[in-house]
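In structure tokens below, several structures.
Both of the next two complexes hold subunit A, though its partner changes from subunit B to subunit C.
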Partner chain A sequence: MNVLIVSAILGVVMLFSGVLLKQTRIVRAIAIIGMAVLLVINILEISGTSFFNIHTYGMMHFDRFALLFNSIVLFSTLVYFILSAKDMEKVGIHYGEYFALIFFIVCGIVLVASFKSLLILFLGVEIISIPLYILTGSDKKNLKSNEASLKYFLMGAFSTGLMLMGIALIYGATGTFNASEMTFPAARPSILPVAGMLLLLFSMAFKVSAAPFHFWTPDVYDGAPTVFTSFMATIVKAAVFIGFIRLFDEAFGSFNAEWQTWIAVITVITLFIGNITAVFQQSVKRMLAYSSIAQAGFMLLAVYAMNTDAKEGILLYTAAYCLATIGIFAVLAKMSDYTFEGFNGMARQQPMIALLTTIFFLSLAGIPLTAGFLAKFYMLKAALGAGGSLWVVIFAVLMAAVSVWYYFRVIQAMYFKDGQATVQVSPFFKWTLAVLAAVVILLGIFPNLLLYWYYF
Partner chain B sequence: MPINYYIFLAISLFCIGIVGVLTRRNAIIIFMCIELMLNAVNLLLVAFSKMHHLNGMAQGNPAAGTDGQLFVFFIMVVAAAEVSVGLAIIVMMYRNIHSVDVNFLNRLKH
Partner chain C sequence: MGITQILFWLLSVMALFSALMVVTNKNPVYSVLWLILAFFAISGHFLMLNAQFLFIVNIIVYAGAIMVLFLFVIMLINLNKEMEPRKNIWIKFAGAVAGGCLLLVLVAALRNSELKGQVAQVKEGNIGLIKNLGMELFSTYVVPFEISSILFISAMVGAVVIGKKE
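What follows is the complex of A and B.
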């Protein structure tokens, strides 16, 4: 509750500071300090200090899972602000508003992560989506940005329609919006709740860009300004995943026989399309968009398994994926050429940046000693624990091997090809990136540093 | 009246909306079809709300079913917010290419 309220207030503060303050440096400082404050008060809430005691009538539930996820999100956003906030100046003149929208998105993330009532889930998803439509189209003169924005908007509104229909049908069948009070006839559910559940499944698959509902993703991620792609491909996607998991755990946990096969099929298609299409991309930004689809396939394994390992795993996966991808996008935003050739010879020009980027790519590919490896390991372990799903696990491992191919193409370009990769970075940026890489490796060796907080 | 009639009406409206979104090429008309989908949901929610209310009254729970009507108000508010952002995006697009035809949207694929 702390983060929800303070984040909304900070959004308004940023709105005014964008109008009143002329110097972007001060606006940026307020945003970074604000995000740090959010992180601190969230950790205070984990340790039992809540500043606001508001009765939500059972609509929200701030359990440890939600609070820990909020901490990961806030930490990632803080890192994202420190690394990429300067690049937002290039997008347009409304500097303060961009931060304000991101603070509002954080509100939505908190709602989605801690919903009990489907009303809150709907509101949270919309509060995440609507500012994102604006951020996608924030480069107003750029036609690609416009197109991406319109496409994202139409697809997002359409999937919202599906989600609402699903909620309405489920309300009709159960008479409640509260996820944990829903009772379904166990033996043979009627058409109403099953249709509602499927519509909700499809709309959530839309939002997390799982195949076959992924077709908007590459275009939108490619067209949006790179700094904002970074945010929506990582933090927002992970947040919708948490909503996905909570929904199917609490509301539909009792009739998982109906949806588990659907999820397995969606997982396999997502892994296949994401990884295979990423191999053929020419632009690193577009490759990362497909890679985010592939990673969503791995995260779907958690929805499929739905056990304790899956919940630990999704937290670790969120941290590993968000931190590594934010690092890569931060470097990408500093570059002028987004093709693979643009990375040629970076090891010679900027040895430290090249090394750190390599660590992030290794983590995404799931090489041991990085956080990405353990995250993938937890996912596979959870899927095995769910029982009777060996073929999904084998397929996921095969696809992880394919993913090495396209991640290593960038590393190969940086180290083994000659060229003039131009990337202008400050020493501060370099050291922040180094700390981020250190966190990625640290989580890969001691995942309990994070998972400890889930239990104690 | 049985609840089935309301369900069929709402589902028909919803399907008209979906077909419109998938087949029309004008961004504004697609947008209208999305609104039609949302309004079909509103209608269905109100019908279910009434149904649950009558069931609840029979069991001595007069507050049953009110949450469905509350949800409708939230959908209206969110739809209004979505309209304001969506029309702004369409206007921004129109300023650049002087058209609201979504066939222009395939320029990103390369």
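What follows is the complex of A and C.
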């Protein structure tokens, strides 16, 4: 609750500072300090200091899972602000408003991570989506950005409609919005809640861009300004996953036989389409869009398994995926050429940036000693532990092997090809990126540094 | 058959027919006009359930404000025959199959649902009265109600960001 209220206030503060302050440097500083404050008060809430005691009639529940997830999100957003906030200046003149919208999105993320009532879930998903439509189209002079925004808006509105219809059917079947109070008759529920559950499943799969609901993703991620793609593809996607997991754990956990097969099918299709299509991309930005679909396939394994390992795993996965991808996008936003050739010879021009980018790509591919490896390991362990199908796990491993191919193409371009890749970066940016890479490696060696907080 | 039932059937036929006309009509302006009729029919259903507040809000907001917005947009973008994109017959076919599948599932869901024997509370239900609605909104649902302000402020900020001249 701390983060929800303070983040909403900070959003308004950013609005005013965008109007009143002429220097973008100060606006940026306020945003970074604000995000740091959010992180601190969230950690305070984990240790039991809540500033606001609001009776929500059981509609929200700030348990350890939600709070720890909030911490990961806030830390990632803080890193994202430090690395990429300067690049937002290039997008347009509404500098303060961009930050304000991101603070509002953080409110939505808190809601989605801690909902109990489907009403809150709906509000949270909408609060996440509407600012994103705007951020996608914020590069107003760019036709691709306009197209992406319109596409995202239409498809997003449609999937929101599906979600509302699903919630309505479930309300009709159970008479309550509260996810943990829903009682479904017997082991095999009637067709009304199942139809509602399927509609919710499809709309959530749309929001996390799982195949076959992924068609908007490449265009939107490619068309949006790179700084905002970085935010959308990482933090927002992970947040919707938390909502996905909470929804299917608490509301529909009692009849998982009905949906587990569906999730398995969606997982396999997502892994296949995401990884195979990423291989054929020419632009690194578009490749990362498809890679985010592929990573969503891995995260879907947590929904499929739905046990303690899965919950630990999704937290670790969120941290590993968000931090690594934010790092890559931060470098990408500084480059002029987004194709693979644009990375040619970067190791000679900028050895340190090339090394750090390599670490991030290794983490995404799931090479041992990086956080990405353990995150994938937890997912596969969870899927096996749930008594799930062995074939899904084998397929996921195969697809992870395919992913190595396109991630290593960038590394190959940086180290083994001659070219003039130019990145203009400040020493501060370099060292922040180095700290980020250190965190990625540290989490790969000691995942308990993070997961300890889930229990202690 | 009492007057309530006659009204129910009349309104239902009206709603379904006008909704069908919305999607089958070639001219978008006619579609919007049919949509207004559909909203009126649905508002009539609300009134029959004794939900007077929803009735009046539905007419003011949907049939009034939103429809005027629709008409404005249609007139601004000036749709005509030549600009209409040609759609592949197979895409039309696939769309019909997909939509038909959804219809089938929903009809099956509602046909076998446990709601079949239950009758809507006509005339005596009082949850839709403005007093009860207000009490509920500002006691049980006050947290979502306040949170929705974040949604609206972000939408307003977005409108400014998108609409303002640079």
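Convention: the second predicted complex is superposed on the first by the 454 of 456 C-alpha atoms of A that agree within 3 Å, B and C clash if a C-alpha of one lies under 4 Å from a C-alpha of the other, contacts with A are read in each partner's own complex, and residues count from 1 in each chain.
The rule is simple: a residue touches a chain if its C-beta (ideal position, glycine included) is under 8 Å from a C-beta of that chain, and two chains touch if they have at least 3 such contacts.
Keep in mind the model is a prediction, meaning the values are calculated, not measured.
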For A:S138 in the superposed arrangement: first (subunit B), second (subunit C), both or neither? second
Could you look at A:F104 and tell me whether it touches subunit B, subunit C, both or neither (first, second, both, neither)? second
Which of the two partners, first being subunit B and second being subunit C, lies in contact with A:I441: first, second, both, or neither? neither
So, does A:M60 touch the first partner subunit B, the second partner subunit C, both, or neither? second
Kindly classify A:T176 by the partners it touches after superposition: subunit B alone (first), subunit C alone (second), both, or neither? first
Subunit B versus subunit C as contact partner of A:M352, first or second or both or neither: neither
Which holds for A:V12: it touches subunit B only (first), subunit C only (second), both, or neither? second
Give one of first, second, both or neither to describe whether A:I191 is in contact with subunit B, with subunit C, with both, or with none. second
Subunit B versus subunit C as contact partner of A:H94, first or second or both or neither: second
Between subunit B and subunit C, which residues of subunit A are contacted by each of them? 119, 123, 126, 130, 133-134, 137, 140-141, 169, 172
Flag every residue of subunit B that touches subunit A in the complex, lowest number first. 3, 7, 10, 14, 17-18, 21, 27, 30-31, 34, 37-38, 40-41, 44-45, 48, 51-52, 55-56, 64-65, 67-68, 70-71, 74-75, 78, 81-82, 85-86, 88-90, 92-93, 96-97, 102, 104-105, 107-109
Using the touch definition from the top, list the residues of subunit A that touch subunit B in their complex. 119, 122-123, 126, 130, 133-134, 137, 140-141, 143-144, 146-151, 153-154, 157-158, 160-162, 164-165, 167-169, 171-172, 175-177, 219, 222-223
Any idea which subunit A residues touch subunit C in the complex? 4, 8, 11-12, 15, 54, 56-57, 59-60, 92-94, 97-98, 100-101, 104-105, 107-108, 111, 117, 119-120, 123, 126-127, 130-131, 133-134, 137-138, 140-141, 169, 172-173, 185, 190-192, 194-195, 198
Per the touch rule above, subunit C residues touching subunit A in the complex are 105-106, 108-110, 112-115, 140-141, 143-144, 147-148, 150-151, 153-155, 157-158, 160-162, 164, 166
